[in-house]
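Let me begin by handing over the structure; questions about it come next.
So that you can tell them apart, the chains are marked A, B, C, D, E and F in the order they are listed, and the count of residues begins at 1 in each.
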Amino acid sequence: MPTPPNPVDTLFVLVSTALVLLMTPALALFYGGLARAKNILNTAMMSLAAFAVVGILWAVLGYSIAFAPGTALVGGFSLAALRNIGLETRDGTTIPHLLYFAYQGTFAVITAALISGAIVERMRFRAYLLFIGLWSLIVYAPVAHWVWGGGWLGRLGVLDFAGGTVVHITAGTAALVAASMVGPRRDYGRQAFLPHNVPMMLTGAALLWFGWVGFNGGSALAVNGVAVQATVNTILAPMAALATWLTIDLARSGRATAVGAGTAIVVGLVAITPACGFVSPRAALAIGAIAAIPCYFAILKRASTRLDDSLDVLGAHGTGGITGALLTGVFASAAWGGTDGLMHGNAALVGKQLLGVVATVAWTGLATWGILAAIRAVMPLRVGARDEALGLDVCEHGEEGYTDGEGAILVLQSADATPTAPLRRSA
Amino acid sequence: MPTPPNPVDTLFVLVSTALVLLMTPALALFYGGLARAKNILNTAMMSLAAFAVVGILWAVLGYSIAFAPGTALVGGFSLAALRNIGLETRDGTTIPHLLYFAYQGTFAVITAALISGAIVERMRFRAYLLFIGLWSLIVYAPVAHWVWGGGWLGRLGVLDFAGGTVVHITAGTAALVAASMVGPRRDYGRQAFLPHNVPMMLTGAALLWFGWVGFNGGSALAVNGVAVQATVNTILAPMAALATWLTIDLARSGRATAVGAGTAIVVGLVAITPACGFVSPRAALAIGAIAAIPCYFAILKRASTRLDDSLDVLGAHGTGGITGALLTGVFASAAWGGTDGLMHGNAALVGKQLLGVVATVAWTGLATWGILAAIRAVMPLRVGARDEALGLDVCEHGEEGYTDGEGAILVLQSADATPTAPLRRSA
Amino acid sequence: MPTPPNPVDTLFVLVSTALVLLMTPALALFYGGLARAKNILNTAMMSLAAFAVVGILWAVLGYSIAFAPGTALVGGFSLAALRNIGLETRDGTTIPHLLYFAYQGTFAVITAALISGAIVERMRFRAYLLFIGLWSLIVYAPVAHWVWGGGWLGRLGVLDFAGGTVVHITAGTAALVAASMVGPRRDYGRQAFLPHNVPMMLTGAALLWFGWVGFNGGSALAVNGVAVQATVNTILAPMAALATWLTIDLARSGRATAVGAGTAIVVGLVAITPACGFVSPRAALAIGAIAAIPCYFAILKRASTRLDDSLDVLGAHGTGGITGALLTGVFASAAWGGTDGLMHGNAALVGKQLLGVVATVAWTGLATWGILAAIRAVMPLRVGARDEALGLDVCEHGEEGYTDGEGAILVLQSADATPTAPLRRSA
Amino acid sequence: MKLVVAIIRPERLNAVLESLYRAEVRGLTVSKVQGHGGEVEQVENYRGTTVKMDLQAKVRLEIGVSESFVTPTVNAIVDAARTGDVGDGKIFVLPVERVVRIRTGEEDQLAVTPEAPAP
Amino acid sequence: MKLVVAIIRPERLNAVLESLYRAEVRGLTVSKVQGHGGEVEQVENYRGTTVKMDLQAKVRLEIGVSESFVTPTVNAIVDAARTGDVGDGKIFVLPVERVVRIRTGEEDQLAVTPEAPAP
Amino acid sequence: MKLVVAIIRPERLNAVLESLYRAEVRGLTVSKVQGHGGEVEQVENYRGTTVKMDLQAKVRLEIGVSESFVTPTVNAIVDAARTGDVGDGKIFVLPVERVVRIRTGEEDQLAVTPEAPAP
């Protein structure tokens, strides 16, 4: 540990860690607002529980798989269980190793939480907990290793500044597989499932944007030009995506939807994630504006299929992530910290990016299928029909999101917590 | 580019940019909570759409008008379309030019969004989009040039640390004009329009306060004594304004209102904005405490007039901004980074401040009137009476903020998105 | 003032101040979501009003009592009314004195607000304002002096990194006393009082966590290893507490509650607060995981007693704070910035920690009782039975949290604000 | 003794309450309902999901009146609630066998006799 | 066969449900309503806007009972809902021509015969 | 002239509306209610507080029909609302003395005569 950590860079990543930490609850609001009221708590808990499951597993094993020295495919065990992670500078950075570990941990948590949007309102909570735990070790950590941990994609020169591939393409692909295997909600395609609270969803989108400054900017790991560029690009791209989305909305139906606006902000953020440290601000505007188009129509189309990817994780994160990865190959520029891409004469980069996409989709798809098939072998993946009709908040969490307590009879709590005689009614 | 950017200052402004970015969605919550449930999405979208319209125009032209070298009245075109804006240090600062551009952009966005409070619940969304786009180029950018961009007010020595004049007086004045030209809501003065969700409004106020640390503190553009003083003043003034407001409430009716508390926080923030880098912490307490009084009574009075400035933009931002600008002239002190003001023997500063106020009100009033008159010539400014009764969420955005989906019949989506045959009912 | 402030440390504490500032509104959401809809504004205002009352008193006197040189029990008056607090470096730190004052002020505000959870839904608002004002001067400021201001507990070597004792044990103890003296809600124990909005409570918990990074990390007052360690521990402990809580929930009833999840996050944060700068990340996981257990059962048990500590301030902050203080004595390690504790062979530290707990509980209990007894001598502590049934929002604040305005008749406002003739009905 | 049940537009509640007040009808109970009739449906879009809203927000009034008050009550409602567009709503008059005022236990006529308006 | 419709204070719902339970009345339906009667109005302020709240939160019970149960039901409600202050509410007893239990298709008496309480 | 009042499960509303549509019943009014019957109670936990939920979410339909429509309406509801589990709900048929269409002032038969469905 010859060089002590740089205080400015350390502070930057420290603040960024707090910002990314906030993104998982922000996602709970984003997804929760889109769910129905009877499933709001289940939806929110699917995000929040990732802190407990994925967060702890990250410390125990995930971080080591992703970032310990190992093979081109997977890291070793030298960093498992917080071993060898202290306050000394991490190699290749100017910040303490412990901080790098925590910063990366917040990424692992939110990536797993992202998938939940595909299977809300019917998946059993226990099966879900098991699923994201395994998934974070078997899919997330290895792919993070491939790209950022010294693995084969990184070595090959595939560009992914802040996780377009590692985070969004994996989550989007897993969403596709999970939605297929868990199956559509009862009455999907016959009944409309409408967002119970659009302002909640917009609040989530706003907090996601705010946190994403730490996600993308912080990925520079130092306060330098790249950090500034990544941050500004993270502000510009969603503005452009929003402008495109509202324009399509107004052109198609004359009405600018708010759910569309919240979606557009996220899509712009997803698309700029792999590119933000490699492209110019003008390119960021272009990427945001362009990426909104495939996402808009992917989401539109999906609703008429049998794929009940309920909150459109595939449409927003999968499509946005892939578009962003490919556009990184188009717009990346050596002058802005990247490798020159198609626009600067190097079409090969697009090929590399495509390879990254294909490899990630393939492994994620296969492994996600395997994990869910294994879980299905030991427990049902979804709740019963009656519970689904009643709502998962009551049946899986024993609570209601919103209640005025009318008709609630207080039950005297005996020592062992078995509900006994009702004491009296409550209104 | 001889001097590279200072990393600490860069990090400070980077974080401040994220904080100010959050203020526009915070405003969406603040305003949204005060609106009626049937207009919540419209109200929120009026804030959020500023990201798309004003944000993009800022990059295209607004920044150049405000900050490129030009005349005393308006900047030139040398910085249009992101030209000449890179990662090198911006003259007169220690931070990258690109970051300065983005930081200022977040100010432009929220200023336009502030105006929407005057015309919610009846203005056509398209007319609004056009309005704020033009307004940001014709009013905001020039006034920003006058004060901060090398224009005549700044040269004259008018003090406006973080935008009391540029942001709040312009928004308040535009609100007055827009409310008059768009006209009152149907049944205004006969029917009560009550806030549909006061906790939402309070959440917005809290996030505004949080973001305002970046707005005021960040305006120092460097981590120094002024930044600290501006930040602490931004914490003290709202406390004092809150104390005054609650005292008046309790004295008048014995009941401390929550809407009043949320308003008081914003009023304290507005009033300290022009002063925070020029006055002592004690003066900040005084400014917060004093400014609450005219705002309290301006808002109280307004409701009994025919001016349907629906969410009291004039009362809070106009009155607060003017009071703050004048009190800056009173309390500013050379010992705390300003020019000495009235309290330190220099009455002339109050005169200068007054000149700044008058000039800004005059230009903003005239130009806002012109813009709206021009738009009115080509399209109606407000929705029809039936749409207004139904609520703008359904008619302008095709959505409801809160719904349980009862009675919603799913419509099969054909390729061209024209709703076709209903598939089945939904409950 | 020989050494100027360090810019990096200054920026760190500046950002931390903003983060802790946000915690009080976050608490308003956390508590507000747990209250009933008819008391949401009262509950939120009890948190927000602390800004006005405690915030101002902190500037006037509290800071001086806590941090001015004085005796082992209480500080002097040399820093009262913002005297001698400028932009020069504060002794023993590398940041401006004014910033230190403001940072500490945000702690004073939230500590008082924490108590309100014990007496919501029935305490008179005026009595509450008086109570927290006096309490912040008589309890909070002296105890802060004992631990951080040069007082006897600090000199003795009692460890409290970020306020487990000063903030959470004082608040928890005061909650116990206040709940007893104000008395239970009418029908408590016969009727169920259910949370009206669990997503609001979860949002509050998330924002508390986010802000707590500034609370705990910022308490290092400098960007160094301790700050990083404190921050990472503040992320790890709640994850572990959450994992424990969900496990107990699932084991007991098969259902993982969301209210439990929100509570677990706060409990993990409370427990790590005194320890975070003195223990290893592994110990942080252990502290979070262990502390969840006594808190879980304390909260479970409390509901079957006559103590209507309505939102379980004692169970979460008292129990969590005491457990954290004692576990600090167990896990603290010289290698991680603390004194060696029990696990490193020094059982004496547990004794010291216990002494700190006992002294704090004793003084807080006694003084809180005295303050409330004195207030009760001059005014009733709680609202009348009819007002309690109607809800405190209407009777104490003259507002409803959520309303659609049906049946609201607009009253013409005369100049002196006495409601006069109704103008017309409103729907 | 009759129970007058009226379904009206929410935006007319204001006017109807006033009109009933002028007709000296005092006690009444209001609830939020959703109605389906001949109204034009509104279309909404949420991402890819397009729905027709089949139920419109309405308000339901329930007013217990003595025989002599039935016609004035119905007229007061019709006058104030009518806009002339489809969707104005319906009024049903139901027979009532017994009315009790809970506070006093008074029955029938006495229980619904108009009282003085609130101070 | 009768339908007993009662408007009561929300804070008495608790007691009324208990009282009905003791009177062996099992099935019932509850809804949130707003009432206007002789109650004192409450004044609220939102910034410059002052309003009188003309409608108070109430709860509406709807209970189908056979003839012999009408009086016990009414009494059970009156006993538990009365506070003696203005605003306690009203009970209306309406004639019913037919009752159907959806689950079984049973009609009339059978459909509302008290059942055993839920386990 | 009759008023058909039906209490059904919220998740059957969909099907019932369709079924009524097929039976050519056009106008109706829907409201959210909570019901208590023989249903199994659900237990919930909030921190230390354990409660049994005594009231279940239900939907109430109110449909004014002419005599000849009573039986088709009741049948349409029963068919679509039945699941066979306890809690399916009840239908009450009440006599109506007068019906008024607010828009036109038309009375009785005319006011509830089925109209053409919305375009």
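Some observations on this one:
Going forward, a residue touches a chain if its C-beta (ideal position, glycine included) is under 8 Å from a C-beta of that chain, and two chains touch if they have at least 3 such contacts.
For clarity, every value in this text was computed on a predicted model and none was experimentally measured.
The chain pair with more C-beta contacts between its two chains, of A-E and A-F, is A-F. In this structure chain E contacts its sequence twin chain F using mostly different residue numbers, the overlap staying below half. For the pair chain C and chain E, the distance between C-alpha centroids works out to 43 Å. Chain C has its Cα centroid 32 Å from the Cα centroid of chain A. Here the spacing of chain D and chain E, counted between their Cα centres, is 18 Å.
In chain F, 11, 14, 17, 30-32, 34, 36, 41, 44-46, 48-49, 51, 54-55, 94-95 are the positions where the chain touches two or more neighbouring chains simultaneously.
Annotation for chain C: residues 8, 11, 15, 191-195, 203, 253, 255, 257, 259, 300, 303-304, 398-400, 405-410, 413, 417, 424-427 touch two or more other chains. In terms of inter-chain touching, the protein chains here all touch one another pairwise.
Chain D contributes residues 3, 17, 26-31, 62, 64, 94-103, 105, 111-112, 115-116, 118-119 to its touches with chain E in the complex.
On chain C, the positions that touch chain A within their shared complex are 8-9, 11-12, 15, 19, 36-37, 187, 189-199, 202-203, 205-207, 209-210, 213-214, 217, 223-225, 227-229, 231-232, 235-236, 238-240, 242-243, 246, 250, 252-253, 255-259, 261, 265, 281-282, 285, 300, 303-304.
Within the complex, the chain C residues that touch chain B are 5, 7-8, 10-11, 14-15, 17-18, 21-22, 25-26, 28-29, 32, 40-41, 44-45, 48-49, 51-53, 55-56, 59, 81-82, 85, 87, 96, 98-99, 101-102, 105-106, 125-126, 200, 203, 393, 395-405, 408-410, 412-413, 417, 423-427. Those residues of chain F lying in contact with chain C across their complex are 44-49, 51. Across the complex, chain E meets chain A through its residues 10-15, 17-18, 30, 32, 59.
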